[in-house]
Structure formats: C-alpha cells, structure tokens
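To keep things simple, chains are lettered A, B, C and D as they appear, and every chain counts its residues starting from 1.
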Amino acid sequence: MLVVMQSHATEEEVRAVCARIEALGFRAHPIPGAARTAIGITGNSGAMDIGSLESMPGVAECIQVSKPYKLVSRDAKPENTVVRVPAPCGDVTFGGQAIAIIAGPCAIETREQALTIAEQVRHAGARLFRGGAFKPRTSPYSFQGLGLAGLEILAEVRDRFGMGIVTEAVDNESLDLVEEHADVIQIGARNMQNFSLLKRAGRARKPVLLKRGLSATLDEFLMAAEYILSEGNYNVILCERGVRTFTDHTRNTLDLSVIPAVQRLSHLPIIVDPSHGTGRRNKVLPLSRAAVAVGADGIIAEVHHDPDRALSDGPQSILPGEFARLVEEVRAIASVLGRTVG
Amino acid sequence: MLVVMQSHATEEEVRAVCARIEALGFRAHPIPGAARTAIGITGNSGAMDIGSLESMPGVAECIQVSKPYKLVSRDAKPENTVVRVPAPCGDVTFGGQAIAIIAGPCAIETREQALTIAEQVRHAGARLFRGGAFKPRTSPYSFQGLGLAGLEILAEVRDRFGMGIVTEAVDNESLDLVEEHADVIQIGARNMQNFSLLKRAGRARKPVLLKRGLSATLDEFLMAAEYILSEGNYNVILCERGVRTFTDHTRNTLDLSVIPAVQRLSHLPIIVDPSHGTGRRNKVLPLSRAAVAVGADGIIAEVHHDPDRALSDGPQSILPGEFARLVEEVRAIASVLGRTVG
Amino acid sequence: MLVVMQSHATEEEVRAVCARIEALGFRAHPIPGAARTAIGITGNSGAMDIGSLESMPGVAECIQVSKPYKLVSRDAKPENTVVRVPAPCGDVTFGGQAIAIIAGPCAIETREQALTIAEQVRHAGARLFRGGAFKPRTSPYSFQGLGLAGLEILAEVRDRFGMGIVTEAVDNESLDLVEEHADVIQIGARNMQNFSLLKRAGRARKPVLLKRGLSATLDEFLMAAEYILSEGNYNVILCERGVRTFTDHTRNTLDLSVIPAVQRLSHLPIIVDPSHGTGRRNKVLPLSRAAVAVGADGIIAEVHHDPDRALSDGPQSILPGEFARLVEEVRAIASVLGRTVG
Amino acid sequence: MLVVMQSHATEEEVRAVCARIEALGFRAHPIPGAARTAIGITGNSGAMDIGSLESMPGVAECIQVSKPYKLVSRDAKPENTVVRVPAPCGDVTFGGQAIAIIAGPCAIETREQALTIAEQVRHAGARLFRGGAFKPRTSPYSFQGLGLAGLEILAEVRDRFGMGIVTEAVDNESLDLVEEHADVIQIGARNMQNFSLLKRAGRARKPVLLKRGLSATLDEFLMAAEYILSEGNYNVILCERGVRTFTDHTRNTLDLSVIPAVQRLSHLPIIVDPSHGTGRRNKVLPLSRAAVAVGADGIIAEVHHDPDRALSDGPQSILPGEFARLVEEVRAIASVLGRTVG
C-alpha cells in the first residue's frame, strides 16, 4: 500500500504517518518527490486499518497497489529517479537528460591490461570503468577473476584517470569488498534472483547496477529491484542484457522493448548491455545505436585492446577504436532525442 | 555451388557455362553483379564435376557453399539488392539509401475506413499502403477479410492517392488475385514455411514481402527466401516482426539483432514491423526509431483512425497523428546514418 | 455459444433449434453425445437473442462459451471422441481404450524401401503405416518427396500388408490426392496455421492427423483443430511433436504436459511423435514409454531399415528391431493404465 | 584431462600419479570405479606434459576431455553413482535399482502443518521429507520461511517419523545450518549458477540435490554439478523441474528428454519435480508416471493437507490421498522397468 501525502504536508506530518505505520507492525518507506511525498508500506501485508491513516493530518489518499512491486513503481514516485555516481572527473548521472557510458574489459586480467584499456576508453569519453574482479563463470576451471588484487587495480584506474568504478559482487563477502573499493556495485544476470545477495545490496551505501536474468519476466526483474529498495537502497540502475530464446545468430536476444516497458511502470533508470546482449563484436555498434534510439539511459560495453587473448568474453569485446566510434554514433542519436552523452 | 565469372567475362561465356550446368542436369541461376556475374547452381546436388566448369573460358572460380542458402547469399551477390516498387506517386526502393515506409490498417474493413486512413498516411509521407484483404486468423469465427472486394478497395486507394499497394496472400488462389491487383505480395509469418505458397510466389512477377516466422531461426528465414529466389523471383524484401519467447510485456519479442545478421549474410533488403513486433501501441514509436538506428531498410506500421473499433489488431495500431510523428522521428534518426526516408 | 438439449429431446426438436439458428444468420453444428445432443453455434457472433432459443421445446440450457474454441471443447461434447480408421487388417481407433501405433519412414524413397519397412513394422504389430510422399523441407534443394508415385507405393503397402495409410498433404492439390489414396490425412507442424489448408481438410471425408506447430500455444493448437471441425470434419487426431525452446540437447522439446491439458479441455484424441519430438534415435524409446504413461492415445514413430542412408530425418529414425522393442515396452506401460495396444 | 588406471593398478600407483599431478600444479581427483580407478585433473589447464603421466606404472591411458565437464562425466566414471541418504527408517538410495520418493510441503509453515503432512506421506510410503525453512521468493513481501525454527521442526519430523530431511539452502549462512540439521542440502533453480553457493556445497559433508535452472542448457546444468564435485563432494543428485518456454498451459515446461540425455553423459542420478515442473495439481500424477517411465531415479513432490491455505505454491500441491495414489502408480510403472520404489 501507498500513502500519498498532500503537497503542503509538513515533515512532522510525514513523520507521524510513518510512526503510525511502524506502530501497526509494518515498515514505512518515505519517498520524497518533486511535488509531494509518498510513503510505501511493506511488511507481511494482508488486511490494514486504512481508515486510521487516511484521517491523519497531511494525508491525501491511500492507494491499494495491485502490482506486486511498490517502491519501484511510478505510483510511488511519478518522476524519474536520477542516480548520481560520483567520479573524480565529474559526476555521472543515470535517468536524467544525459546518457551514461560505462566501458572496460569483461575481466581485470593484469594491471597493464586494465590501465591500457582505461586510458583509451577515458580518451574516447567514458567516465565510468567496468571490469570484473570476481567472475561468475560457467566452468569451475575457467578464470575466476583476480579478487581483491583486481579491486586494487581498479582503484588505481580511478586514481590515474579519474574514472568511477563499476564492478560485480557475487556473494556477501565480495560485496563487502566491492562496496569498499568501487563506486557502483554490479549484480549479474545469474544472481538476479539471489535474494540473499539482493538484500545485502539493499543495505549498501553505493548505487547498484542490477542486470536482468536470462529468463526473467518484466515483473520478476522489477521485483528483484524491489528487494534492494525494500532494504533502503533507492539508487538502483536496471540493465537489459539479452534474454535466452531459441535463436542462434546471437548469444542472447536483446529485448529492447523492455526499455519503454520499464519506463512506464517504474521511475528507475535503465541501461543496455549490447556486448552480452548479442555476444558478437559486429553487433555491438548497431545495437548501441538502437538502444539509445529506443530511450535507454545508458550503455555498458565491453572493450578490450587485444580481444583474441582476453581471458573471458573476447568474441563480444570491441576494440578501443570501435568504442570511440560507438560514442560518436550514440551522441548523434542522442541529440535527435534531445539528450546528451556524458 | 557457385561459379564466379571473371570481371571481363562475356555474355556468351556466361551463357556457355549455364548451358553446361543445365546439360549436367542442374539448374543455373546467373546473378549479374556490379563487377562480375556469379552463377548459382541448384538441383538435387551431391557430387559435381567441378573440373569441367573451372576450365571453361571466363570462369574465375567455383565455390563450394557451406551454408544451405545460395541465391540469397552475399557469396552469390556481394552488393545489396535494391527492390524497386513502382507507385503512381513515385517509385519506392528497398535496400538503397532511402528508408521505405509502409502504412495502413491491419485489415481492409470498409471503403470509407481504407480511404480515410490512406489519405492521412499519404499526407504524413507514406507512399506504400498496407491492408489485408485475406486475413489469416487464429479463430475460424474471427473476421477473415473482404477478399476480392478488399482488393478492389485497395485498387481505389492506388488510383486516388497514388500509393503502391502491399497486401497478403494466404494460398495459391489469393496469390493469383493479389498478384493481379497489388504491387507487393506479402507472405505472412504463419506461412513462412508454407513451401507450396513460397514456390508460387517465386513464379510471380511482383516483389514479395516475406515475414519471419514466429519461431524461425535466421537460417530458416533465409531458406524461405531461397525458395522464392530459386523459382526465379529475385525481388524479395525480408521483414522482422518479432519472435515468440517467454516474455509477457509485449506480444512478441522484436529481435533487432537479426537486421545486421541478415545484412552480413544476404544481399536482400530487410524491414521491421514494430506493430506485430510489440503488439502495443505505445511501443511502436520507440521501436521504430530503434529499427532505423540498427540499420533496417524500412518500416511497416499499422495505422487506424479508430483503433478501438478495428476488426483486428486494434491494440497495436497507432493513430494517424502518431504515425506523422513516427515519420518525423524516423527521418531524424535516418539522417544520422546518412539515409533519407521515402 | 452452445445449446444443450435435454436428454429426452427428439430429433425433430433438435432440427427445429438448428433451423432457428440458421434463420438468425448463424451456422448450427449438432453434436450428438452419449446422453444428450449439444448444438454449437458459429458465425460472426456478437449479440444473440438467447431468449428465443432457451424457450424452445427440448432445450436444456444455453451456454455462453468463454474460451475461443467451441466444437473441440468438452463443453460441446463431454465424452471422448473415438476416431476410427479402417485398415484392411482391422480398424484402428484413437481415443478409446486402445493405444494406436503408427510407424514407417519419414519419406517414401523407393518401392523397395517402403515394402521392406512396412513388412517389418507390420510384423512388430503396427497396423498403420506412415511415409511422406509430399515433404515440406527447409531447403528447396532437399528431397521433396515422390509425389503421386509415392502415394501409389503407399497403396501397394495397404494391399500387401493390410495396413492403413497415414501421409501428409502440404497444399490443396496434394490434399486432393492424399484424400483419394490414404486413410488419414496428416497436416504437418509448419502448416498448423495454414488456415486455407485446414479449411480444405475440414471438407475432406477422411480423418485428419493435426500436428502441433513449433511455437503453438495450447489455445492456438485447439483453434487450428476448430477450423477443421467448423467445416464439418469431426474426425481429428491431435499430435504433440515437440516445441521450439532454448534447449540444445534435443531437436525440439517434447511437451508431454500438453497431453493431460488437452484431455481436460477437449474431447479429441491426442498422440505423441517421439521421433520429431526429440530428433535423436536414442531418445525415442524412453519418450515413447513416457508418452503412454502420461496418457497419450497413440504413438507415431519413424522407422527406417537403413537410417544412415535415409533421404530425410535419418538421425531420428529407429531400426525395425528397436521398434519391436518399443511396441513391447509401450504395451507393458499401457497395461498399467488399463489400456491395450493395437 | 583424465588418467585411466589399469584394472590391476595398486593404491600406491594411484597415489604416485596423484602426487605427480599435484607437483605439476594441478589438482588430482581419484575416482574409484568398479573395475578401475580414473583420476580427474583440474586446474587452470592449457598444455600438460601428458607423456610423463602415460609412462607411469599402472596407467592405462590419458584421455583429453573435449566436453567442458570432467568429474561428472561418464568418461571419468562409467558406472552409475549411487547416492545413499541415511534415514532412521532405512537408507534411501538414488541412482540404483530403487526409485526414491521425496514428499512434503513447499514451505514449513507451522509445527502442526509439518507433522500432519509428514505422518500422511510417511504412511503412504515416503521415507524422505521435503519442506523449505529458507524460501527464495520473487517478492520481498512474501513469506520467507521460518529459518532456524523451521529446521528444528524438520528435526522433529525426523525423530517422530524416522524420515530423512531434504531442505533448501539459499546462502552460505543457511547452508551451514542446513548441513547441520538436514540429510540432503537442496540448491534451488534460481541458485543453480550461484557459483559461490555451489562451491560451499562442494565442501559440505551431506549429499546435495541440485535443481536445474529455469533456462539452463544441459551443459550448464552439468557444469553446475561439476562445481560441487570439483570441491570434493561427489554425492550430487540432479533434479529436472521444468524450464521456461513460451507455453502457458503449465507454469514451466517439464523437459523429460533431459533424463536420458543426462544418463548418457553423466554417472550422477537424476530425479524429477513434477510439482514445479507443471505448477498444476492435476498434472502432477500423469507427469510422475511419465518421469518414471522415461527412466528417472526418483520423484520429489509437493504435498499439502490444506493447499488452499498454503503460504506458498498451493496450486501445485497435491493432497495426501493423491500422493498415496501417486506412489501406487509410480510403483506399477517402475515394475515394468524392473525397478522398485522406496
């Protein structure tokens, strides 16, 4: 359920409604908006004495929510959430007028590899750097990432190039480390319904980049985000990265229709990963253009200076030169929609 | 197998090679290209005496084709096929620099309905009109189309507004009629592997718009086109219209990655149907932008002036005003790619 | 809509209700049942004056049908339809207590091939012989079947071994021929929504074996059958043959749960094709056992005496000896369910 | 890579080969078989000096493994693995001649609920009890399980009815508790690629029941098991529970063809969950019969005495009376295959 406050409601009135909700044994989530505050109510629901809330000072109305998600819903917050990621070279925002670009290798392999790629993508305009230190791999015998050493290399990338760092956490232990060293905590597709990890991310003080699962419906995707918000972390960036279908000409099928679908239902920003979404280097550029044209709030792309020797996902990594062209093309498409890149 | 002729080969040399192929019991398909002619060989394959062909005057090389498609392949014809549709108000091309737009209702319901919509989409810039006279419907009790009367209404649309006509054939009998009355023969998704109909379309003298089946792989899609080309009709326009997956936020999942995939393998033009591809009015506009951004050669959109009363597919039809906006946005995206609309 | 007659209603009363329905501009389908007659009403529906029908003599009730299918529904006919196929060596029934077995090669290749296989599957207990004379093939360059010559070979199989003949029609022309020469007309998966062909099959005087499309939902499958019944042919046998999914360990994913699902909603018999359903010889036997265990009314299996040289579908054809074992195992499973094989 | 020892190789020779492998920087996994011992080699592979191993005393051959899985492969261990679960009322085996049955509610809700259901399924013949104490739920607001209190109720079920306990772990913390209190550690479908959890399960001293992910290929499923074995726990029971497809008549599509596919490639036992596999109470019985007919090594079924009030998965839970019938029917099918139940 949602309690919508009047536009002139005082902070004290909001606090009083929250206190009543908590007294009833539920949890209150005040969500300040541009014009008014809404208060999401979560807990082991069932019947609630709505009357007692509706008659409190400052309350405009109580809305019974039919969809299973509450805090991620536009009912709770009509205007877009803008997630701000502080990077030394300037804050990057997701969900505002600007389109954000995240670039870097699939995995951090060596200090040299990371610095080489970082320099080039920074030069092409990227202000956020991606690179896995903890890698979820299908095979236990594949390269599993450098772990803490990888995070330290990423910290050096931040220091040298002023870029913000986006990197994946795969369990509670790695999330502790990622939260400490990185600027955005990534939750991968295979962990989209690792509810224990989502709850931990909901208690983190850094934004979370949540990737859609390989066979996740729109509702399941939004409910995974709801897990994070329900623990108090409202800075969630969604990411479409392709779903699994019968097709075989790409590794996954990039579902661009989910972008406008999410934007109707939720206030959260959503970006696109054309690298995993296609699994083919020669598809990354056209699908990046399409992603921006459909209305995505950003792109996350895998870039490697020597993809044939990459320890993971080489076939879908683009070269730094291709990435520079990607930024140019995305910028041109963005301007048609009245948006900028950066 | 393909025989690639030397760039300076004479017509006589090409004819001689064809004659030798036919004498061996196979069928020869000479495919003139900008720089050279290739000759596709089809028939109940197996072993062939390549040697005798390779030594003939004017032959550059013989290529054993590993992919199952031959005539639709870029190996057979490296440059794009440009399909030209003559419309009274000016020819429309698919596969060239310009992006083609086809618009109109799902089904022709009445003369008034067709003329009303035609006037509005023509005014917004469309030069090709779509509208079904023969409708493949899931239920035998649903509106099945006006048949010949619908074709006569379409002929009136051509006369009054100068538009070219695109309409579907569902069996050999309706194909005869469509070939006589329309400018482009559409083969629907449910008939993509109706091989008897494909062969008949291959003997037609009008271009064919071939829609991808609901669960067709890229190879199956191209092989369906190969059926048409193998009968002698090389004017085939492919159309991505969404595939069936587990997702439920759209009626189908529009697979935009198939556009660059087709363009790598085949010389045939490919367009996108965002109406069937999403099944949701509010998704047509963003996915049309994305389709052009990814590189499609055209858009086919359902437009209805009164979608709530449409006899079929109302929920995915856009209003004429929305269509005018679609043309504007598509034009802006196209210009970024150095293309025009019309 | 359905009109359910009283159990003691006379034939004259049934005729009077049908006449009234036709006078109202609809089509009446009287469906005699064991205890009572139901009358299906089809036509371009919308509002109907139910009152005038409900008050007629002999009418028990009028049921508004919510599901899109009418004639195939158990609402129209609560008891199972038993389709009887007359074979010289004894009638074969689908939908009764006995489980029917259809066996033979994918395609009729030569007279010798057909007779060799027929003798062996007849010896193992099969009384219905399958074999394609008209083959829908993905490639125009693959073997397309012997056509009429194939049908004549099948006629010889019937004469020599007393078996009933099941073979596929792919268009109206081949359906005319198949109706003349065979005992069951097969409509293949790729033609499940070839509505023109379904209507023609609905006017045939032979039973129809309708295969589920590669991506057909349960509703679409039943609606395809509805097309056939709505034209007057009530002898339809449904066939599950696997659907297309992301999995790659089998050619298709055999959806055995559709068997009890169909049996709840429809009175029509349903059989299973484990050969196309798996595409792997070594899976045919276990999945045949499972099909009978789940409640299927029959099995259709591809058998070839020399699968390595088969012109189509060799990898999924079992050897005659394996087929004999299949019959034995299916018989043993059937007896657990109180059913027989034959 | 696999080193296959001669059948008469001594333990000392096996130890020497293992030592050489470890000295080369790899990990050795001796896998004793009925006739011979195989030694799996894992580690960050690449080139290996095979020669030095092949010439050691007692070595029969070195096999380069092409498939990505090693320890789960039949190449490593040709005969079936039989996983033994000790239950007070008698050991239960998976992968031998007997078919194992696991039954109980989706979630442990109260002590009374658990004891009521346990008594009834024990009476019907089940010797293993399932019931979730930690529940992975799509919504953060749904019942999340009783946690430790649930495990204590399960311990009481073991004490009172002599049943072995199967229950799910969702993260490292719950796995510690489950390992302490239960007899089989279940890893759910949504955690099939939670590699951190798989590694922890690989270090547990209890058997692991690993469910197939919603969109897992056969290779991914076996690789998830490989994670567990690679950490030293060889007692893994696989479980097919339905995959996600376009179909809508069941919650998931039960892929019974994966049973014989797994059995060809791997020595591990595999069971079927017809409750999640269909999501429909009325499909559980026929699909259980089919599962045993296709060759599954067991069934895990959800049973609830009051499914309409179940806190989770009520619509797919069968009643105790239906479960008793399931056991009878499964026993009859099993006897056809020369197997027993228990």
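The criterion applied here is as follows: a residue touches a chain if its C-beta (ideal position, glycine included) is under 8 Å from a C-beta of that chain, and two chains touch if they have at least 3 such contacts.
Because the structure is predicted, anything quoted here is derived from the model rather than measured.
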Between A-C and C-D, the pair with more C-beta contacts: C-D
Most distant chain from chain A, judged by the mean position of its C-alpha atoms: C
Chain centre separation (chain C, chain D; CA means) in Å: 38
Where chain A and chain D are represented by their mean Cα positions, the distance between them in whole Å: 34
Rounded Å distance between chain A and chain C, as computed from the means of their C-alpha atoms: 50
Sequence positions of chain D contacting 2 or more other chains: 215, 244-246
Complex interface listing, chain A residues touching chain C: 244-246
Chain D-touching residues of chain C, taken from the complex the two chains share: 215, 217-218, 243, 245-250, 253-261, 264, 277-278, 282-283, 286-287, 289-295, 329, 332-333, 336-337
Chain D-facing residues of chain A, complex: 42-45, 68, 70, 136-141, 143, 170-174, 190-191, 193-197, 199, 214-215, 219-220, 223, 226-227, 230, 244
